[in-house]
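Take a look at these structures.
Both complexes shown next keep subunit A, but they swap its partner, so subunit B is in the first and subunit C is in the second.
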Partner chain A sequence: MSSPPSASASSSPPPCPKKMITLRSSDGATFEIEETAALQSKTLENMIHENCASTLIPVPNITGEVLARVVEFCSKHAEAGVDDESLGAWDEEFVAVDHTTLFDYIRAANFLEIPTLLDLGCQTVADMIKGKTPDEIKKTFKITTACTPEEEEEVRGENQWAFE
Partner chain B sequence: MASDFALSVPAELESALRLKNVQYLVTQRPWLDLYGIHVRPVAPFGSVSRKPYVDPAPIHRCLPDELLHEVFARLAPYDLGRASCVCRKWRYSIRNPIFWRNACLKAWQVSGVVENYKILQKKYAGSWRKMWLDRPRVRTDGLYVSRNTYIRTGVAEWTVTNPVHLVCYFRYIRFFPSGRFLYKNSSQKVKDVAKSMNFRASKTDSVFGGHYTLSDDKVEAALLYPGTRPTVLRIRLRLRGTTAGANNRMDMLSLVTSGVNDNEFQGDGEAILGVVEGWQDDETHNPDVPAILHKRGLTPFVFVPFEEVEKSVLNLPVDKMDFFVPG
Partner chain C sequence: MGCCGDGDGGDDREHPPQTPDPSPPPPSSDAASSSSASASAAADDSTISPMNSHFSALACRDTLRLIFEKLPVPDLARASCVCRIWSSVASDRDMVTRAFAAPWRLKEVVGVLSSGSFWRDNGVGKFAISHRIKRGDSVASLAVKYSVQVMDIKRLNNMMSDHGIYSRERLLIPISNPDILIDSTCYIERDNHAKREVAVLYPEGVRDIEISSLLKRTTSEQGKKRILNSLRRSMQVDDGTAQYYLSITDGDPRAALSKFSEDLRWERQVGLA
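Now for the complex of A and B:
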């Protein structure tokens, strides 16, 4: 299970063998994630501490595609020596996906309790709402539930202060 | 026609029959138009056979309510107000008092959490949303702009014998929730000034900082102009709005410049508000700097949010100005 440490030219001690955890998505695909990266997720962290992480961990409501990306996210954030700016840029690229995928990330982050990913996802959606008029928001998120004109007027009257 | 059956009518009843025929000729049978139209029956609400309503929007299908709540928690109160108007589901989710509690505690943080809770119970019947709407607050998401004009005579040239210039200058105030504010007096337009109204402004930007307090709808602000003859500028304002909760207008109640004693302040103007609190309008503590109660240039302030700075009507040149902007 442990990978042999690579010999480095400097006199620093060889890296400890990395422990891998296996996750299985809802459609049966398996993914390996380093333990340090898995600690980003509170759910997985609890499992590791209680020693039930040695076998396969099923993650039933997340598909393989999404789980792969989530594993990537955790590994990137667990990496040492990455400065904030490049991490921020990487994060921005990570969430430059269509809405459905973005919502899947948020749901996965909620289920696995990954606060950084949850924050990133929710903030991205919030930024999509910021500064837009209600009609623009409806168009962005394709919300079509119609309100009666009286109701729309009522709501608009209630919230007129937000438009002044 | 249903009445088409053979009738042998004796001659004396013929006139009566003619009357009957006339009636049959004008009978309306509107149900005949409905034949042949396929009407799908809809089960009444609550019945088992009714198909479940599927909201077509992807955001509602993919995100459960608590995650939508997380998204709303990261929006500013003005964005929340606009999001309320999007659909029924959002309107009822945003009614959650948690959002309004956080907005209120942030906007009135100077009062402190305990004081805010007390005011909530006493004046607003425990509703944070009511407090947000009814309690006057200074807006911190933009600039308050007061546009003043005056006329000065110009130089006569050519055919223009008695020229006058209409000069326009602005007072800009930006408030911060911590109790500080920034002030600038300039003829530059809003879109050019907005980016320099922050604490990192250089000396050439001529942006001055001070402190303010808010009691009910009255704002008392004081700032110190640094220099060899330090002058303190005291501004008293009254908040109002074009609609409940808007807080987008401030009337200037008084504008006084006066002098302070050298040993009255610590040099950086931090405690200047405490020093000048309770001073009379004509009070000055430095005989070199007389107290002046300014009577001109007191147009009401109009609030311009940062996102509207570029397209605000206040950017228009003097000849296209609308004088009725401060309503």
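Now for the complex of A and C:
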């Protein structure tokens, strides 16, 4: 069973083990990803099954920088023979980034429908929220909101016990 | 936590743009350059890049929902104090119910609440077993049966003495073993004796309150029939008319009669009768 070594524009119907999909980010950078890795993304999976994946897939909402990392994530998780512990450690390192990047991952995972990455990202954010007071949360995530002082008082009153 | 400190957010704007950005329009900007600036700014918003993803992810309700689903009750309560959109997502009925039930592995929580603050505390003290009082029950015997302290039963039901439980239909028993809650259905009720809302567990699975209210309803059905008949006779009308007047006065026969005579008077006035 032989397959073209790097078929970026493969139009052969029968799926080959090493079939590569090419993605193009919003800023024009292209990335190759194995089909098995691409299947992590429900969006890409649908495209592959409908055979739209024979040509380049544009991903207009994601920049090259973020897309590169997402491809890395999918490839790692599609790898065979990785035990849960080392994968968990790898995941931890993956999300050990600044908030902006973390939210990039979440939005990309949302757009591409990658449940593993979405779950990982959201869990990381949830862990950041745990144990913080609302003011600390606002500071951490730089939320400057249009809450009037009256609204804030009302909400605080309801949840007064949470501040003890 | 591996996240970096606060300094990063502030640096965002200083980072060289990843996507081709127009240089800031010169002071004497003409319409063309300013419109292209605003156009690409709009495009930037929908592109996931280091420049602008920070806040939009946190303003997206679906994302927030996924994040909040992982929070325990106290953190969810604090999250609802952060800003309006967080408050809206964190106070959503499904969200608070799920957070409330999760640590106890409840199957379902049923009930209408007077205030949302009930959901903000899901300690074991919020739960109780409903015990129907039978002949021979005493506070002491119940304490033994459910492995709790007499003091705790009395406190929960606001009892002054150990006696007088036969005047009540049921007693609320505090939970000693949380495993009993697993896969159960709890009913949020405002107990008259405890004077607060409690999540009640019915051990036989049958909800006593529903049965007794059913009983009440049937007797009042008979009573309603009696009222209807007497009204019909005094108004000298058919069943349907009597029924109608009863319904608009909420079952009050006196008011029904006066409304009926009012209507009769009006009909005579306009010459219909």
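Quick note on the criterion: the second predicted complex is superposed on the first by the 139 of 164 C-alpha atoms of A that agree within 3 Å, B and C clash if a C-alpha of one lies under 4 Å from a C-alpha of the other, contacts with A are read in each partner's own complex, and residues count from 1 in each chain.
Everything below uses one rule, namely that a residue touches a chain if its C-beta (ideal position, glycine included) is under 8 Å from a C-beta of that chain, and two chains touch if they have at least 3 such contacts.
Since we're looking at a predicted model, the values are computed, not measured.
With both complexes brought onto subunit A, simultaneous placement of subunit B and subunit C is prevented by a clash.
Which of subunit B and subunit C touches more residues of subunit A: that partner is C.
Touch criterion met: A:65 reaches subunit C, while subunit B stays clear of it.
By the touch criterion defined above, A:104 reaches both subunit B and subunit C. Looking at the shared chain after the overlay, A:134 reaches both subunit B and subunit C. Of the two partner chains placed by the overlay, subunit B and subunit C both lie in contact with A:125. Put simply, of the subunit B stretches 8-16, 26-34 or 134-142, the part that bumps into subunit C is 134-142. Residues 99-100, 103-104, 106-107, 110, 118, 122-123, 125-126, 129-134, 137-138, 141-143, 145, 147, 151-152, 155-156, 158-159, 161-163 of subunit A touch subunit B in one complex and subunit C in the other.
Remark: subunit B residues 55-60, 62-64, 66-67, 70-89, 91, 133, 241-248, 307 touch subunit A in the complex. Within the complex, the subunit A residues that touch subunit B are 99-100, 103-104, 106-107, 110, 118, 122-123, 125-126, 129-134, 137-138, 141-145, 147, 151-152, 155-156, 158-164.
Contacts from subunit C toward subunit A in the complex involve residues 1-4, 6, 8-9, 12, 18-20, 46-50, 53-58, 60, 62-63, 66-72, 74-75, 77-84, 86-87, 116-117, 120-121. Those residues of subunit A that touch subunit C in the complex are listed here as 26-27, 60-66, 92-93, 95-104, 106-108, 110-111, 118-119, 122-134, 137-143, 145-147, 151-152, 155-156, 158-159, 161-163.
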